[in-house]
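Two complexes are shown next, each including chain A; its partner changes from chain B in the first to chain C in the second.
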Partner chain A sequence: MKLTQSLLAGTALALVAGTASAQDMTFVSWGGAYQMSQQKAYVEPYVEANPGVSITWDESSAEAVARLRAMNEAGNITWDLVDVVAADAIRLCDEGLAMEYDPEDMLAPADDGTSAEDDFGDMIVSDCFIPQIAYSTTFGYRTDMVPEGVDAPSDICSIFDLETYPGRRSLERRPINNMEWALYCDGVAKDEIYDVLATPEGQDQALAKLDTIKDDVIWWTAGADTPQLLADGEIFMGSTYNGRLFSVIVEQDQPVAMMWDMQVFDLDGWIIPTGLSDEKLEAVKDFVYFATDTQRLADQAAYISYGPARQSSAPLVGEHAELGIDMAPHMPTNPENAENTLLYNYEFWADYRDDIDAKFQAWLAQ
Partner chain B sequence: MSDTTQNGPMLAADGTPLKRSLNRALRRQKLRALMLIAPLLIFVLVTFIAPIADMLFRSVENQIVSDTLPTATEVLEDWDHTTGAPPGEEVYQALYYDLYLAAEARAHTRLGTRLNYEYTGVSSLFRSTGRGLEDLGEEYQDILEDADDRWGEGAFWYELMTGTGDTDARLVREHRARLQALENARLTGDVGFAPSVEIKELLPQTTFAYTDFAVFTALMDEDVVAEEDPWEGVYAGLAQDLETADLSGYDGPGAEALVAAQQTLAEQAEPINYTAFFESEDKDWVSPDIWATIQTYSSTYTGGYFLNAVDMQLTPDGIEMRPDGQRLYMVLFQRTLFMSLTITLSCILLGYPVAWLLANLPASKANLLMILVLLPFWTSLLVRTSAWKVMLQQQGVINDVLVWLGLVDDAARLVMINNQFGTIVAMTHILLPFMILPLYSVMQGIPPSYLRAAKSLGATNWTAFWRVYFPQSVPGIGAGSILVFILAIGYYITPEIVGGRTGTFISNRIAYHISTSLNWGLAAALGAILLAVVLLLYWAYDRIVGIDNVKLG
Partner chain C sequence: MALTIAKPTSAIFAAGVAAVFGAFFGIFAGTAQGSGLLGFVAGGAVIFALSWVLASFMREQQKAARWGLAVIFIVAGFLFAGLPGVVTGAIFGVFFGWLIFFVASGRYRTGIPPYATPRQVLWHYAFRIIAGLILVFLITPILVVMPLSFNAEDFFTFTPEMLAFDPEGYSLKHYRDFFTNSDWQGALWNSVRIAPVSTILAVGFGTLAAIGLSQPHVPFRQAIMAILISPMIVPLIISAAGMYFFYSRIGLQGTYLGVVLAHAALGIPFVIITVTATLVGFDRSLTRAAANMGADPVTTFFRVQMPLILPGVISGGLFAFITSFDEVVVVLFVGSAGQKTLPWQMFIGLREQISPTILAVATILVGISICLLATVELLRRRSERLRGMSPS
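And then the complex of A and B:
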C-alpha cells in the first residue's frame, strides 16, 4: 500500500516536472572557473528575476561539435544553448547545426543606444555566433628560472632562443598559433604570415623553425597542462589561455609572470542549436537577450580575466569579485598588454586546418 | 505388442503424425528459448552492433557529393581532366542551380567541409560562393521588375508556370527526391504545384529553378507557393531561356509579358555567362584541380578514406603514396602494435610472480594481496594516470629521490614522461590486473602435488617449474595476453595524457577525427583497420596457440 502511494506520488511529481519543461534549459559550457563565471554573472541574476526557470549545466563544450552532430543525426537535440569557441561556431554554422540569428533582433542595444551589431562589431565572426568574451593564447614563464644577468623575456621569439633562455617550453599539440609564431620569429612580416603559411614552402619553413626547439617542448592538449607544468617547475615557459595564467599568478600566487607579446586573440560565445521547439527557442532567446547586455558581460569579468566582447562593456569592468584587485591590467585587451597581438584567422584555418594539421602531426611523430 | 498392425506413419495421441507433432513441440521450445533471449539480443543489436556497423559504413560512404551537386556531377562525367582546361559552360550552369538549392538548404557548406579534406580551400570557396549566388539572378530580376511589376509577383509567376494544359508531376517528384537527399529526411506533404508541359518545353531552365523553389517553399518553409516571390535564381533561368526561346507559338498565361521580357532583356541585359560569374566569385572555380577533385569524389562510395588511412591518396590520376613528410598513420599503427606488445610482455613479466604468490600463499595473506591487486580498479583512471605524471616528471618523486641519492645529476634529470616510456609504464600499471586475474584463476587449478611429484622424481626447482608448472599456466597467459593486448591497442586516455610526442596511439588520431576535425569517414576507416588488425591477430593466435588453450578460470 505504501509502495503504491509513493509510486503514485512519484508519477505525479514527474508529470508536474514534465509540464514545466519549457522552463528547464540545458546549457553547455567548459566547466571550471569559466562556467562558474557564467553561472554567477548571467544565470544567478536571471533565475532570480525569473523564478521557475531552472538551468542545468553540461560540461561538454570541448566536444560540442561532435556531440551536436551526433544528436542531430539521432534527431534528438537535448541542448538549448551551447558555449563554443568561434572556430567551432563557424563549423557548426557550416554544418547547419547552429541557428542563424539577427543581432539587431535578438541582442540588446548598448546603454547609449548603439545597436548590438555595431557594439559587437567584428566580433560577430559567423551568422550563428553570439560573442561573449575575448580571450587570448599567450605565454607565462617562471620568474625564478630566468638566468642571472638576463632580462625577463618580453619578446615572443624568446621561445625559440634556447641559448639565452634555456629550459623546456610547453606548446599546444596543434599547428594553430605555433605555426604563426614560428614564421614571425623566422623573419616573416606580421601581415604576410598567412600568405606564407598558405604555401607548402611556408609550412615547411614554420616546421623547420619549430624543429629547432622540438626536443625541448612538452606538447599540451588541455588548458590546465601548462599551469600545472609551470607550478611544478617542469618548464621555463609555456603557452595557454590567459585566464589560466591569471589564476596561477594571482589566485595561486606562483612565481610566474605573463609575456603578452604576440598573444593570439580568440573569441568564445554562444550558439543556439537548430531544431529547438518554438517554446524552447523563446525561452533561450529571452535568456540570451539578458545575458549578453552591456552590464552582464562586464559583470563576467569580475570572476575571470577575459575581456567582454562588447565595446560598451569595457569601461564597466571593475574589480575581482573575491580578491578585490583591479581587473583591467589583467585583461588581454588592456592597451599595455595588447601592443603586439594577432587575431585568430578563422577563414584561413577553416580551409587549412586539415591539411596543415596532417603535416604538423606527421612532423611531430617523426 | 498390439495386435493391430499399423500401416502409414505413427500417430500421436491426438491423431496427428508423431513426427510432425514432435517437430512442432521442438519448434515451440526453440521459439520460447529465442523469446527468452530476445530482449538481450535486440538490446545488443540495437545498441552495439548497429551503431558500429553504421559507423564503419561511413568509411566508404560518399553520397554527399552527388546528393548536393546531382546535375553538375552528371554533366561533369564527360569532362576529361587531363586536358588541363576547366570544364565547359554547361557544367557551370548545372553547378549554379545545384548550388542554389543547396545554399537555400544550407547544405553547400557541408559539402565544402567534406571536399576540404581532399583539396585545401574548398571550404571557404563554397561558403563565400553560397553567399553570392543571388547576385547573378538579381541583375535580371531588377531589369524585369523595372519593366513590368508583375515579374515581382508570386501569383503571376505561379500562373505562368502552371499554365493551362497538361502538367508534369514527374518533375516535381524528381525535385522532391533531390531535396530529400539534401536534407537527409523524408519530406511528406503536398507541394501544390506542377509545371505545365508546354512551359517546361519552352522555358526548361526556368521550370527547373522554379520547381526547386516551389518544392522548397512548400516542404521546408511550409508556405503556399503561389503567395511567395520566386528566388533570384529563377530569374537567371528565365534570362537564359529567353535568349533562345521561340515564343511565337505560345499563347498561355503571361504570353505577352514573356514577349515583352524577351525584348527588354535583349536590349538591356548582357547574355548570361555562368563561367564568368563563378570566375568573378572566385578564381579557384576555373581551376581544373578543383573540378578534378569533385570528379574523383563524385561516386557514391569511395575508397578514399581507407587510402588516406594508410598514407595514400586518391588523386585524379589514380592512387598515389602521400609525400614523405605527410605520412602519419602507418607510423602510428606500427607504434600502436609495438607498444601494445611491449605492454603485454611487461604485464606478463610483472603479473606472473604476483599471480603465483596469490595462488600459493595461505588464504589470509592471499586475500590481502588480492585487495592490493584490485585496488587500482577502484581508483579513477584519470587519477592513476595523473599520479604517474607526478611520479615520473623531471621535478617528480622518482627524479627527486635519484638526485638526493646522488645517482643522477640535478642538471640531467631523467625524462620519463611525455614519451613512450611514460606511456608503457602507466599503461602496464593500469592493465596489470587484467593479466593477474586470469593467471591467478588458472594457477589455482594446478594441483601443488604435481610440482612435489616432479621434485621427488629428481627434477631441480627450475626443471620442475619449467617442464611441469609453466606449461599448465600457459592458458592463463594466453587469456591475460589477449585481454591486455586488445585493451591496450584501443587505449586512448592514458597515451593522450602522458604520451607526449612519441607515445601517442592511433586511437588518439581517431578521437581527433571524431571530435575535432569531424572527418568521421577517416575515423571510421582507421577504426575499421584497427578492428581488422585485432581480428587478424586473434586468428593468428588461434592458429599458433589454439583458442581452446585460453582459460579464464
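And then the complex of A and C:
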C-alpha cells in the first residue's frame, strides 16, 4: 500500500537523521540561568572553534544518579558529560558509574604554570569530580517586610526569631543545612555541630529547634521555588542557591536582599560517565580540557554569581555580561560575604544521610 | 413557552433573594479585606436595603433605577479600589439591577410551568447555578493562566500594576521568548514531528484492531481487547519504565522512531474504544451487500464501512493526537534530549526556572486545542448535513 510505503520511507529517513556523527554530544545540566552561563562561557566558544561539533543539552542533573543507574542497567549510556553536585559525584564514583580521571593529564595547567591539581586544590573532592564552581545555599529576605524600627536581619538565627521577624520562611525539604543551622542557633559551637549531629540526642535537639518555626515554614524542593515565593511576598525570608537570589535582586529588580551569614558552600562540576566509546571519550576530553581552563571558568562568572573553582580564575572575574556591574561583591567567596560560613560536609552526610533523612521526613509528617 | 404570566412579587421577596446573592459575594469581598463573616453580613444587609428601596418605590422607572444602581456601584468601587474597582462595580451593579427586577416583576416564573411549586422553581434555578459553578470550577485554572501570561515580570504573580490595569504591567515578552528562543522552537518542532505520525499509526492499528475484534468469530476477544487497552489502565510510569528497558535493548531508546512508537501504543486504546463504540451501531448486512455486488473486502472497507464509522475514527484520532502532544512521562524515559517535546520543555521550565513563558505556551496550546475541536465539530456537522442526517 502507498501509505505503508511512505510511512516506511519516513521512518527510514528518521533513522538516518538519528544516527549520530561522532561529534554530536549530549551534555546534562540544570537548565535555567546556570546552564545558560555554561552555554555562553564554554559551549559557544568551543563550537565556534570546532565547527563540526554539535551539542545537545539535557536538563536532567536533578535526577542524574537515578538516570545513570538506569542507563547502566539497560546497557545504553546516552549522556556524554554530566553536571552534578559534589555529593552526587561521590556517589556515582563509588558505584563505578563515573569515570576516574587524572587531573594532570586531563586538565589544563594555570597560566603561570601551576599544575591543575594544585590550582583546583581541595575542590577535587572525588577521583571522578571535575570541579567548575563553588556556590552557596543562603538566605534572601523581603526588604519591605522588615518590621518598622527593627534592623534588617543579618544573623542566621533571625530565621528562628519569630518575635522580631514575624512572617513565613521557606526552607529546603531535606535535613542537610537545616539541621546545622538549627543546632548552631540552639547554642552549639560551630566546630562541634557535626559531633552533636552524629548522636540521636543531637538530631532530636535540631528537630526540636526546627519545631519552633515549623508552622511558619514552606518547604521547597526546586531552586526556583524560593525566588517565586519571595517575589509573591508569600514569605519573608527563604533559603536557596545564591545565584538564584542574585537573579531576583539584580536582574529582576525585586525588593529582596541577601543574608550571607552561615552560608553553606557546595561544589558543582562535571563527571564523565563510564562506558563511553573511545571516539566519544576523546571528544569529551577535548571539550573538558577547554571548558575548565582558567579563562573559561572566569568567563562563566560574567553570567552567574557563582565562584570559579580554580584559584587562578578568581582575579580574572570581571563584570556582568549584560548589566556591566562588578561581579566580585556578589560572589559567595567575596571576603565580606564569607565572614561566617560552613562547608558542606560530604563525609558526614554520606554516612548519616539515610538515617537523618528518615527522621526528618517522619518529623515533617507529624 | 410563555405559559406562565409574570406576576409582580412583593418587595420583601425580591430584596430577600437579592440579599442572598449579596451575602454570597460579600463573603469574598470580606475575606479579601480580612473578615469573611463581616462581608457576609454587610453584603446581605446593603443589598437587601438597596433592593427593597428599588423594588418598593421605583418599579415603574425600571430603566432609571438600573442605571442608578450601576452608577452607585461604580462610584463605590472606585472609592474602594480605584480603576479595578470600577470594573468590578460595573459588573455587580448591572447584575444586581437585572436580578432585582427579574425577581420583582415575576419574570422568573415565565418558562416554568404554571403548576410548578415554589420548591420546584427554586430547584430550577439552583440547578442552573450549580451547573454554572461546576463550569467555573473546571475552567478557572485555565482562565487564570491567560492574564498571567501577559505579565511584564518574570514571576507567576499578579503584580499591583496588572491589578490596576496599568498597561505597564502587561507585556508580550513571554510570547516573544517562545517564538524566538531556540529551545522552545526546537521543542515545538519535535512535538509537531512526533504527534501526527504517532496519531496516524495509532489510528491505523486501532481501527483495524477494533474492526477485527468486533467480528464475533475471533477467539479470546475479551482477553485481546483487555491487553490492547492496557496502556490506558496501567500507570503511565510503569509503561514508561518497561518501554525504556525494552527499547534500550533493541536500540530504539532515544530515537525519533522509538518515541513515535511509544506514543502510538498510548494512543491505540483511545482509537479502539471510540471505533468499537461506533461499530456497535454498524449494520453488518451492508458489508454483505457490498460483497454480494462484487466488492472485495478492501473496497468494502473504504467505500462502505469507513465513511460510516468515520466520526469514531476521527475522535479517536483526536484523542491519540492530544495524548502524544500532552505526554511527558513516557517521552522523558524513551526519548533523549534530541526529542525534547513541548510538554518536556514545559516540565523543565517549571522545575528549573519558573518563567511565565510556560504560561504563554499554555495559552497558545489552549487556543490551538479550541480551534482544533471546533474545526472537527464543524466538519462533523457539515458532513452529517450533507448526508441528510440532523446534527446531534
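The criterion applied here is as follows: the second predicted complex is superposed on the first by the 346 of 366 C-alpha atoms of A that agree within 3 Å, B and C clash if a C-alpha of one lies under 4 Å from a C-alpha of the other, contacts with A are read in each partner's own complex, and residues count from 1 in each chain.
Rule of thumb we're sticking to: a residue touches a chain if its C-beta (ideal position, glycine included) is under 8 Å from a C-beta of that chain, and two chains touch if they have at least 3 such contacts.
Quick caveat, the model's predicted, so the values are computed rather than measured.
Trainee: Between chain B and chain C, whom does A:D161 touch in the aligned arrangement: first, second, both, or neither?
Mentor: Neither partner.
Trainee: Mind working out whether A:D216 is in touch with chain B, chain C, both or neither, as first, second, both or neither?
Mentor: So A:D216 meets neither chain B nor chain C here.
Trainee: For A:D286, decide between first (touching chain B), second (touching chain C), both and neither.
Mentor: The answer is neither, since A:D286 touches no partner chain.
Trainee: Between chain B (first) and chain C (second), which, if any, makes contact with A:A224: first, second, both or neither?
Mentor: Second partner only, chain C.
Trainee: With both complexes superposed on chain A, which partner does A:D232 reach: first (chain B), second (chain C), both or neither?
Mentor: both
Trainee: In the superposed arrangement, which partner chain does A:D186 touch: chain B (first), chain C (second), both, or neither?
Mentor: neither
Trainee: Check the residue A:N76 against both partner chains and state whether it touches chain B (first), chain C (second), both, or neither.
Mentor: second
Trainee: Residues on chain A in contact with chain B in one complex and with chain C in the other?
Mentor: Comparing the two interfaces on chain A, one with chain B and one with chain C, the shared residues are 62, 232.
Trainee: Show me the residue ranges of chain B that touch chain A in the complex, using the header's touch definition.
Mentor: Against chain A, the touching part of chain B is residues 106-107, 109-110, 112-113, 116-117, 120-124, 127, 325-328, 331-332, 335, 393-396, 418, 496, 500-502, 504, 509, 514-519.
Trainee: Under the touch definition given earlier, write down the residues of chain C that touch chain A in their complex.
Mentor: 153-157, 197, 200-201, 204, 244-245, 248-249, 253-257, 260, 336-338, 340, 348-349, 351-354
Trainee: Which residues of chain A touch chain B in the complex?
Mentor: Those residues of chain A that touch chain B are 62-63, 65-66, 69, 91, 93-96, 204, 214, 217-219, 221, 232-234, 347, 350-355, 357-359, 361-366.
Trainee: In the complex of these two chains, what residues of chain A are touching chain C?
Mentor: Those residues of chain A that touch chain C are 3, 7, 10-11, 14-15, 17-18, 26, 30-33, 35, 56-59, 62, 70-71, 73-76, 78, 222-225, 227-228, 231-232, 252.
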